[in-house]
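Just so it is clear, A, B, C and D label the chains in written order, and each chain counts residues from 1 on its own.
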Amino acid sequence: MSIQVQQVSKQFGTFAALHDVTLDVPDGQLVALLGPSGSGKTTLLRVIAGLETPDAGRVLLGGQDITHAGPGERGIGFVFQHYALFKHLSVFENVAFGLKVKRGGQRPAPAIIRDKVMRLLELVQLDWAAARYPAQLSGGQRQRVALARALAVEPQVLLLDEPFGALDASVRQELRDWLRRLHDEIHLTSIFVTHDQAEALEIADRIVVFNAGQIEQEGTPEEVYDQPATLFAYRFLGKANVLAQADGQVTLARPHDLHLHLTSVAGGIPGQITRIHVVGPEARVDVARSDGLGSLEVHVPKTQLGGVQVGQTVFLSAERQVVLPDKAGT
Amino acid sequence: MRRIFTSALLLGGAATAATITLLNVSYDPTRELYQDINAAFAKQWQAKTGDTLKINASHGGSGAQARSVIDGLEADIVTLALAYDIDAIADKGLLPENWQKRLPYNSSPYTSTIVFLVRQGNPKGIKDWGDLIKPGVQVITPNPKTSGGARWNFLAAWGWAQKKYGGEAGAKDYVTKLFKNVPVLDSGARGSTTTFVERGIGDVLLAWENEALLATRELGVGKFQIIVPSVSILAEPPVTVVDKNAAKHGTAKVAQAYLQYLYTAEAQEIIAKNFYRPRSQDVATKYAAQFPKVNLFSIAQFGGWRAAQKKFFADGGVFDQVYSGR
Amino acid sequence: MTSRLSSGRPARRHILPGLNLTLGYTLLYLSVIVLIPLAALVLKAAGLGLDGFWAAINTPRVWSALRVSFLTALAASLVNLPIGLVIAWTLTRYRVPGRRLVDALIDLPFALPTAVAGITLTTLLSPNGWLGAPLLEAGLRVAYTPLGIIVALIFIGLPFVVRSLQPVLEDLGYEPEEAALSLGATPSQTFARVILPALYPALLSGFTLALARTIGEYGSVVFISGNLPFKTEIAPLLIVGKLEQYDYAGAAAVAVAMLVISVTLLLAANSAQARLGRRGQA
Amino acid sequence: MTTSKASVPQLRRTRLQRWWPTFMVTLTLILVGLLLVLPLLVVLITAFRSGVGPYLQALQTPDTLSALRLSLLTVLIVVPLNTVFGVSAAWATAKFDFPGRSLLLTLIDLPLAVSPVISGLVYVLLFGRQGWLGPWLEANDLKIIFAPAGIILATTFVTFSYVARELIPVMQAQGKDDEEAALTLGASGWQTFTRVTLPNIRWALLYGVIMCNARALGEFGAVSVVSGKIRGLTNTLPLHVEILYNEYQTVAAFAVASLLALFALLTLGLKALIESRTGHSHP
């Protein structure tokens, strides 16, 4: 089901968490809200969930205005950053919670609840842990229980607040892949909040970049990475090398878009290698510019490194570069 | 509450005869006395009228008890340590001003006096009031501000000293020295007795005669003895009906009968057995051995309780001066 | 994190239900049980007028009683700091025989009726008591002296100090201590410069709670104090004394004075703890 | 004696002299023994001074039994009242932020700092015959002071803060996530409270109830001001102890006192049980 956010604003005291935000999420997409801490992405997610009331604007779900509906009436599933599992309930009971609190006629029969919960636990590969309590599970397992719990009420949309934020790096990677696969399986419209650009780039269909309570850019991962609309978006999505800065314009290039030359080339930037650092198949080379305008980072495949050494003078050219308006403060 | 209690009893059985509840609000040392009186009177009342009489008792410091009645404790009868406390109740319109004239002997069916209780053998050689201000003698008395008995103690000492030194200045000097010898000032007469008897503090306890007798006969046989000073005060603990409450409860008649009963030979005997001096000459003669002759002066010497209270015990009065003068 | 930022701030409309109901009920109940009765007290005292109120308070007797109440409570609360620290420290760090029992006993003064505590301590400490007799032998009179009041108040205040310290000591763990030691601090330096400062908020809160609680204590004190004016007469006893002379307004005046002291202490404790707490988090 | 944590680094062992823990434990036991165990022993020994017979007899007199009944009645009314209040106040102050919240928190603590004598006095000034509402109460034949109602009110005042004080920090620390999760899952406000919040706070709640109960059972100063001390009618157990003591019935007084001490110990035992369930000691 599609989600429309129309001109939503939200103020906390003197702090504007959201300022006139408008966003369309088409049915069946997995969308990432990406931005630094305090940029408003979590607030937007909570407004969609009904956990915060916007000061202005509307929220539509499948074309229906739900701005003033309670969080339980919206048909959303919400996954909390710190899971918010009910400690006193077993894994099974946690997942069954949303079904058991349904009012009289709508509450499924116990046998149906049982089947459904067990199916969901199988889906998140935790059917073996039904009788356990949250305290007996690892972080990743808990997050999967939280997900199963949110899915149990058959939500129209799934909202995840920094779902992997509290997990170890390896578990995180595993869960990312798993979430993407899950989404491909069930095609539930989903929005997740993250401050990790790699995470957003890896699994989202679309990325919405947030900054200071406003949407900075919106697009596919390729679009936002390769054609950032603003300097902020460019910088937030990856390492940015400033090639030139003049007349309110700044020219930037990503490290792997730079080429390393041993001899002078046209328009090449001369510099001296200060450090060579090999990370797996890739070599990261730091070059101090001879014109004294700072240093640049170049990524080249290790096999193409040749015999360059620290201290050697090299020339850099950009295969692809972006020119953006130079806004101060980014 | 009384009503609830009454109906509860009624529901419980005894449906033919009425059950009447009476509340006697009294002061600390009369617990044992009224336990006996209540039983005897209830029995007599039932024999006479067929009604079951339940007499509730409340005990505490005389002033505190009077205050409770003023604040709404619905006593049918008050039996307090001194007339001043009942005057205070009368001031609030709960009973007539002339209450003390309603029963014989200033409405006091029994009297007592203030005596000395010392440890067996009287190691400090205490004979009279003058010995109390000797250095090294520790005197136990409660606080006149909070205890009726203590006010009698104070006035007894004052009366003796005024006569001895022939004036107020001498009397004041005497009581000042006296209270310098007081190491503990309990809030009530019972507290003082406990301090002296159980805690072993002090050489001499200024006590109601009935308390002193109770202590020698029941608390520590052979451990204490009573010293009767050359002169002491005639303590007249008064009793009266609290008209307004009795009228409200419909208990005026039985309350009146209860107080009149206190003057009967039967009650006077109980009174004497509980170490109070009976008014009845016959009973007094019978128990003469128990109550030695003491030269007594009365509260009239101080112009009555209202005057005495104002002069001695009100804020800024003589008692406060005795303490603030140090 | 964004989530913390947003949840920590007031929302215009609350999503969680029940604020109106619970806040309304809380305020109603608070008013009926606490505020209206206290207002009646203040009104009664106000009936004296400012001059009358001051005249009722400004007597040597009242000042002395307030001083006795305050100083003995202060002394007892101060003594309770090291005692409470030793007990809380030991209970959280060392293997104490019967630890659960000892820990449970800490709350005894809470649960034991104050009158029973008063009678018992008097029995124990009077010149012919188990402890009183040997102490008197050693030249120390406890019962019927200010020292007796202090002992009773130490008993009453102890749980407040121990219970304030325990959770903080548990949270503190060994790390800061070990860090200090690894940096070359001596054990006493470690204690004075690392552990004690971390305990200041808890010590302060335990101290003030004990002080506020003991300053008005009555039941456990009247039996042991001796009640001598200008020496061991406490302010609550003065209130009772005034009542028994039918001086309601005077009693209310002294009560208001005590109330002001207690409220001031409570406010001071709350704000000081908030300040120290903030510093502790930084 | 060794330290209780298993993973204590070598550093500590070498630094601290071996006698230090022993010294601290001994000191603690002495302090606890002198300050807490000894008074408890005095109560018990005095109560049983004349043997078990007189002890049991003292507990079975009609006056003692009626005082016990009144004390239990008081507790039965006061504890639920203050519990409902405590939960309500904790919900309002821990889950929401509103202007005047910190003032409210201070006011909730206020009764803790009020002298028991004053706690009784305020009700006399309000409901006594001379009090603000006295004439109206009298006209309508309603009795509050010198009746169980007054005792219950004064006890409510004294134990007002206990449940709320226990719950507020716990609820504050737990935050709102669980409740919000329940709401997104479709639970109603009441379902959220009973199925999520209540289980989360149950031990703190029980602890608060126990402490409230203990104080309510033992309150003396405030109750003595409003009781009227009518034997068999308005006497609670602590007042009855004083009365017996004043009647020179020391054994009986301490027997009743030991009953109260027994309640206290039972309470503390229950509390220890809670702590072993929750696995950590409670503030």
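Operating definition for what follows: contacts are C-beta pairs under 8 Å (C-beta built on N, C-alpha and C of every residue); 3 or more make two chains touch, one makes a residue touch a chain.
Treat the numbers as computed from the prediction; the structure is a model and nothing was measured.
> Taking each chain's centre as the mean of its CA atoms, which one is most distant from subunit C?
A
> If you count the C-beta pairs in contact for each pair of chains, which pair comes out on top?
Top-ranked chain pair by contacting C-beta pairs: C-D.
> Report the inter-centroid distance (CA atoms only) between subunit B and subunit D in whole Å.
Chain centroid spacing, subunit B to subunit D, equals 37 Å.
> Provide the C-alpha centroid distance between subunit A and subunit D, rounded to the nearest whole angstrom.
Measuring from centre to centre gives 51 Å for this pair.
> Could you tell me the distance, in whole angstrom, between the mean C-alpha positions of subunit A and subunit B?
87
> Find every residue in subunit B that makes contact with two or more other chains and list them.
70, 191, 198
> Two-or-more-chain contact residues of subunit D, please, as numbers and ranges.
Residues 130-131, 180, 183, 188, 245 of subunit D each touch two or more of the other chains.
> Residue numbers in subunit A touching 2 or more other chains?
Those would be 50-51, 70-71.
> Could you please write down every pair of chains that are in touch?
A-C, A-D, B-C, B-D, C-D
> What residues of subunit C sit close enough to touch subunit B in their complex?
59-61, 122-123, 126-129, 143-144, 222-223, 226-230, 233, 237, 240-247, 250
> In the complex, go through subunit D and note every residue touching subunit C.
Within the complex, subunit D touches subunit C at residues 1-5, 8-9, 11-12, 15-16, 21, 24-25, 27-29, 31-32, 34-40, 42-43, 46, 81, 84-85, 88-89, 91-93, 95-98, 102, 104-118, 121-123, 125-126, 130-132, 153, 156-157, 160, 175-176, 179-180, 183, 188-189, 192-193, 211, 214-215, 217-221, 224-225, 237-239, 241-242, 245, 253, 257, 260-261, 263-265, 267-269, 271-272, 275-276, 280-283.
> Which subunit C residues qualify as touching subunit D in the complex?
Touching subunit D from subunit C are residues 7-10, 14-19, 21-23, 25-27, 29-30, 33-38, 40-41, 43-44, 83, 86-87, 89-97, 100-117, 119-121, 123-124, 130-131, 154-155, 158, 163-164, 166-167, 170, 174, 178, 181-182, 187, 209, 212-213, 215-219, 235-236, 239-240, 243, 248, 251-252, 255, 258-259, 262-263, 265-267, 270.
> Applying the document's contact rule, which stretches of subunit D touch subunit A when the two form their complex?
Interface residues on subunit D, with respect to subunit A: 177-178, 180-188, 191, 195-196, 199-200, 202.
> Touching residues of subunit B toward subunit D in the complex: what are they?
1, 5, 23, 25, 28, 31-32, 56-60, 68, 70-74, 92, 188, 190-191, 193-194, 198, 214, 218-219
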